[in-house]
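Some notes on the structure that comes next.
Naming follows writing order (A, B, C and D), and every chain is counted from residue 1.
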Amino acid sequence: MNLLVLMIALPLLTAFLLSSINRISTLAARWIGPLVLLATAVIGLSVWPQLGAAPLALQWGGFQAPLGITLYADQFALLFALAMTIGTLLLWPRSAENQLRSSSLALLLAGTGSGLALSGDLFNIYVFYELMTVVSYGLIAGRGTSGSFASTLRYLVISGFGAALALAGIALVYQATGTLNLAQLAQLAPEKLNNLQGFAAFVLMLIGFGVKAELFPVNMWVPEVYATASSRVSALLAGVVSKLALLIIMRLLILVFHQPEALTVLLVLGILGVASGELAAWRARDLNRMLAFSSIGQLGVMFIALSIPGNAGIFAALAVMVHHLFLKPSMFLLAERWGGSIEKLAGAARTSPIAAALFVLLALSLIGVPPLPGFWAKLLVIMPMLALDQPLYYLAVFVMLAAASLEANYLFRVVMKLYDKQPAATSHKVHATADLATALFLGGGLIAAVFMLVPLADRLDSIAAQATDVSTYIQTVAPQQLQSGRVQ
Amino acid sequence: MDILDINIILYSAAFGLMLIGIGGIVISNHLIRIIFGIALLEAGANLLLLLSTYHEGASAPIIVDGSVPAMMADPVPQALVLTAIVIGVGILALALSLAIRVQRAYGTLDMREVRLKLEQEISENAGIEMPSSSHAPAVTTANSAAAQQESGS
Amino acid sequence: MTALDTLLLISAITVGVALLAGNWRVGGWLVTILYALQGAALLMMSGLGYSTLTVVQSSFSIEVLSEQLLWRFDALSWFFALITIGAGLFSSWFASGEWGERYRDNGGSLRLFHGALALNVFTMLVLLASGDLLTLFIGWELVSWASFLIMALAGGKAFGYAMRYISYAFAGAMALLGGLLLIYAEVGSFDFQSLKEAAPQMQASTLWLLVVLLTSGFGVKMAILPFHLWQAKAYAQTPGPGAAFLGAISSRMGLFAFIVVVVQLIGISRLVEMEIPFTFLDAQDLLAWIAVFTIIIPTYIALRQHDARRLLAWHGVGQTGYMLLGIVIANDLGSAGGLMHVFNYASYQAMLFMVVVAVIHRTGTSDLNKLGGLFTRMPLSYLAMLIGIIGLAGLPPMNGFVSKWLIYRSLIVDGSPLLFLGAVIGTLGTILSVYKLIHNIFLGQLRVEHVAVREAPLSMVIPMMALAVIVFVTGYFPGLVLDWTSAVQASIGIPVLAHHLGGVSMKGGLDMIWIVSVLLIGFGFGTLVFFLGGRSRRVHQLDNYAGGHFLTAETRYHYSDNFYPGLMHLIGPWYRNSFEWLERGVISAVDTLSTAMQGLYRNAHPSYLLLAAVVFALSWVIV
Amino acid sequence: MHFLELLVELLLMPILAFVIGLAMVLMMRRIGARIQRRVGPPVLQPIYDIIKLYSKDTQISHGLMHEIGIIMAVGGYIAAETLLPVPGLDGLADKGGAVTLAYMLMIPALGMALGVGQCANPNGSIGISRALTAMLAYDIPFILVIFGASYVYGTTNLAEMISIQQQQGVSSWGIVQMPLLALTALLILPAIMGKHPFEIYVAPAEIATGPMVEMSGKFMGGLFVMQCFQLYTAGVIFTTLFLGGGVYWITFLPKIFLVVAIPMSVAYLFPRYRTEDVLRLMWKWPMLLGLIGLAVVMK
């Protein structure tokens, strides 16, 4: 059962050993990374069916619950851990010059990501979160251009600020309950954290962890970073890493914080995120920045989905997250060669027809055209919101629908440019085969989702159900009754 | 001195530190001052974490040959703060090295100019002209005008 | 494998064949035969049209998100499917002849064209077969994207118009999605039946929101007044017979959905109860007045157009107003008139578009100021256009007259003179602009460059003539179509019209058999009277009296520009295209908002926001 | 009404209409002459004109459509006459009502327009565009009148209107029930007949006689026949809607001649209106009167 720990340990180990392996043979250094990721993915997949029945808790270092660090793995967490490893494998950085550095950073990212997904302790989450942030600084700045340094700096300022806030939030939680183990917190939260202090802790942690999840006030870094970083890195950041940050917030919402005001804060920030993201994307003139703004909008939709109380909210958020997981990386991969100004894309469909067709498919699924999964995800979000029959939720539905029509407008402006009859002056660079292959693989995933819609929906429903019942969480982590954490 | 005053003073110290840190980030435009702000913010947060289980007169929880002290302080936040400080140091070191790189590349540490140059760079390699609103009058201080000519020439 | 399944299967095969074999010489004919097969499959279900069958279920149904999606055909969908497949058949027949070769020669991909047309027909059949609100929306989206595809085929300017269309269509679809999900929240399920029962109890405020959302959603596709700007230009730019197909049926899908949801489920009677405060109008009057203005304004815009295709496309927008007016006045005459007008309009609009495309095929231009006198060169096309414009203007021998008569008669019975007046102003405008169309193309002086023009090729003339026969026969015996419309009325639940083969049997009714036969006898007597005089001698077109000034060969006096100076002098200043101004206003509002947001992301100091959030959080703790 | 009798009626009505029409044309020209203090043409002058035109040996035609146009004009009116009930002969009144009649009257106008179009003479086309604008002008108040009448009598069938007015005697005549609508109808009568104040499109002095510029011989003869039918139809419609229609010939004939005489005698006193003035005039006074009349009737 401790194979699961290998998912975290193995990538970290190889990351640090990489430079020494490189001294032995550069070929081994080049291929060891993907191999290790493949191994971790296989481990994860082997454990997956067994988790379907009952989630699994591991005590690190043998210390029993509230003191030691527990590792909690249910299908919900493992799904995102696997997404992290497979995502890094698919989006392996191909930058020519310092291949060694970027592959070790990628391995670190995979390791810390799966660690973050699986950890069951609040401070442990904070540590892994910080590790992941530092690694992403390395990846972004790795490009070497002065623009990447400046954007990394802006990113660092905001996420440093966010980290401090998260720490303050954790301090408040610890002061109130005396423990940081999520299971015990789940037990103590109803009476200890249900007051103002609990709500303040939640807001602080929301903003802290929201930096990576592109939450509205703290996503100012997104346009610059995605415009300067290489599109594989931005694909990783926008596609996978932002989902992990969202995973933490979902864990907190389900297990610890149950106040209704928490949901309204999420809803308001979600609406602002969608509105600002889509409107800014409407005027963007280069593809990278347009995709950055549209990812802000999409994550805004996820926050709105999260703000729906109960299982329906989690199920809707999960559906939108998985759909976005497939969609955004493949769009960023297409932006690898088409990154420049949209005007210059005129007639690009003639040089690379497959890529253009794929872009149309992705655009259709993003705006939610029926048979494609985007539509079902959007439907899942809107239906419970209308059932709640509150004015704020009606506003959210209106904003989402208006944003969808804006999306249709600017995405199809790009499509029109692609299929324009008279080509632009400069010749268009053809996509690297690896990029195109990965993008097609992810696009294929979308089309497969169209056909096996019903089983996929049931699978996601069961994952969401398993994630939301708090009692099994507490039972698996610490079967015997936990005494209060404080040592008097 | 009853227990209340100490707590009030310590908590206000923690919040004061955090507010000063945030103020540093928000108001100043100079890069190094912003990094100082982050450091102060980190310190404030760590102090807050430590204070979460502070008790007047509690001693370290070490059992010396069998004798258990009357009031033991909770060791957990101490451990947490250690890792938090380590992380803070890591981030600050990276921030400073980045600041050096930016200064070497853009020749200035003024955050507004850096942002303006970053915008120009993105627009150039994306092949679109500068968005009009970015020439807002905000960037009118004397040194930035000088920098403008210098970068313009 | 019910009849509906075979129909949808053949339609899907047509799409496949069109995409694969479109470019072959025989490809076009193959696709046309497949359309005929679809027509045969439809006729197997013809029981629906004569109300012997009520519903034909499809065996294919999927269960997703705890919702059972099912597809079925009823009389209404059968009626619309008949028109769709007919329009598809004639358009692809037209396209597979000489027009197809020339389209392929100058760069157009025939495969894509046939594929897009077949896809349009297939998605329309799927929409028509929708069994509940969710499948209705899915069908609706597919149709709007399929028509986007066929509009964007021509490239160049067509891209801009198709882009404008899809922004309108998608915004409308989002309004529709909001409306449908609002119904789901109110009623609890997507099924038609549950909405039908829940409609009476719904309180006025949600019903108003619902009606506004649904009508604007369907209105965008129907191009009724506030949303009509996209249609004329987009249809005019669609390549050749594609325009005929779109003009004939594409925007009627909006009407179909409107009938299904608003008329059948919510019910016009419910609309009548919804009062608009401070006015004596209610929802039904509002819709009627929107319909009347949709009749008048586009028709008088069409009057000023100088491109034949755009003139016809603007008429398309205008005639939708008649159908909506007929449906909204829900007495037996009005709804029969509205439904029959869908059929009539499809028949002669497709024919008129085909004639214009044939003229373009021969002369290379559709600009009314560069044509003239083609009657002597293209007599058959002239005949088709003559029958078409008599139908479009709604004059007796043709079927257009019957449906307009029904609508007028229902307005008289309903007792609303101002609506009647508006509709008549629309008809008169149509007569004027329709005469301008035929005069500028076929009558008047023949231009020097068109002397060598020959009659349109056979592959174009036959579909035109077939449509002309349909227009005349359904005009002579309107009972044929009235049977279908009464079956539809029965299935919807509106009072059924008492009719016989000749027309309407009621006090002050109409009997087209007698009227048309008397007209033909009259023409017979007219020829007798005409041949009393001596033999007439044909003279050359230059040999005419022009007030002492002799027309010479090189300067041909063909009066076509600014055709109605008197009228234009009076109503000229009324054209202030306030709707374009409205549209530009909306776009610039969104533009300024998005610049503001981009500014926010670029240089507004992000930390102010952070500061506000944090001060808020910390103050909670201290307080 | 078995079949053979109906056929005889269908034959008889147009011939009657033609003869009465000729008499009306004679009356009109006599009234015009009297006003201008001259003697006026002999009794059979209209017949002589038509015979002269038809017996010309050089008949110039500009093409097939030119001929079909004239045939449609004459034939259209012949068919329209069968819808107008006259004392003793009901014809096809119950098969199509007033609305059908209004549309049937448009077929001859369209036929003539197409015929003139084929003549390829720019003056002709200008004349036709003016004629259609004038038709647009007078048709709107005309439709208001028809709407008012069919709303009051509850049916569009002209024969039933007559029977209603006959049963309840003079008090139920149209002119008594809806005086304003009758006045409107009287105002637009000259325009329907295409006579003096509103005949810009055919006036010889304006644009070389407009549509008639290329008509000669039997084509002009056809238009003369059409003119007779026009006068007759206008007169009969007015009497049917407002003056209780015809039950006995001796009361019916004076009514229709009176109806045609009044506008004729008034018309010659007015100058000829330009096209946009026709529009402005028609859309102002008759429209206003019609709407007020309708409001009064519909209350």
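Throughout what follows, a residue touches a chain if its C-beta (ideal position, glycine included) is under 8 Å from a C-beta of that chain, and two chains touch if they have at least 3 such contacts.
Note that this is a predicted model, so its numbers are computed, not measured.
The greatest centre-to-centre distance from subunit A, using averaged C-alpha positions, is reached by D. Chain nearest the geometric middle of the protein is C, using mean C-alpha positions. Each chain gets one centre point, the mean of its Cα atoms, and the points for subunit B and subunit C are 64 Å apart. Centre-to-centre separation of subunit A and subunit D, using mean CA positions: 81 Å. Inter-chain centre distance (subunit C to subunit D, centres taken as mean C-alpha positions): 36 Å. Chain geometry summary: the mean Cα position of subunit B and that of subunit D are 94 Å apart. Residue positions of subunit B touching 2 or more other chains: 18, 22, 25, 115. Within subunit C, the positions touching two or more other chains are listed as 595, 598, 602, 607, 610, 614, 618.
Chain contacts: subunit A has residues 161, 165, 172 touching two or more partner chains. Listed in rising order, the residues of subunit A touching subunit B in the complex are 67, 123, 127, 130, 133-134, 137, 141, 145-147, 149-154, 156-157, 160-161, 163-165, 167-168, 170-172, 174-175, 178, 180, 224, 227-228, 285-286, 288-289, 339-341, 343-344, 486-487. Subunit C meets subunit A in the complex at residues 62-65, 137-138, 141-142, 145, 152, 155-156, 159, 162-163, 166-167, 170-171, 174-175, 177-178, 181-182, 184-185, 590-591, 593-598, 600-602, 606-607, 609-610, 613-614, 616-618, 620-621, 623. Note for the complex: subunit D touches subunit C at residues 10, 14, 53-65, 67, 70-80, 82-83, 92, 94-97, 99-100, 103-104, 106-107, 110, 113-114, 117-123, 125-126, 128-130, 132-133, 135-136, 139-140, 143-144, 147-148, 150-151, 154-157, 160, 208, 213-214, 217-218, 221-222, 225, 274-276, 278-280, 291, 294, 298.
Only residues 158, 161, 165, 172, 196-197, 199-200, 203-204, 207, 217-218, 220-223, 275-276, 279-284, 293, 364, 367, 369-371, 375-376, 379-380, 382-383, 386-387, 389, 397-398, 401-402, 404-406, 408-409, 412-413, 416, 419-421, 453-454, 457 of subunit A touch subunit C when the two sit together in their complex.
Interface of subunit C with subunit D (complex): residues 373, 375-376, 379, 382, 386, 390, 393-396, 401, 405, 408-409, 412, 415, 417, 420-421, 424-425, 428-429, 431-432, 435-436, 438-439, 442-446, 507-511, 514-515, 518-519, 521-527, 529-530, 532-539, 541, 544-547, 557-560, 563-567, 569-570.
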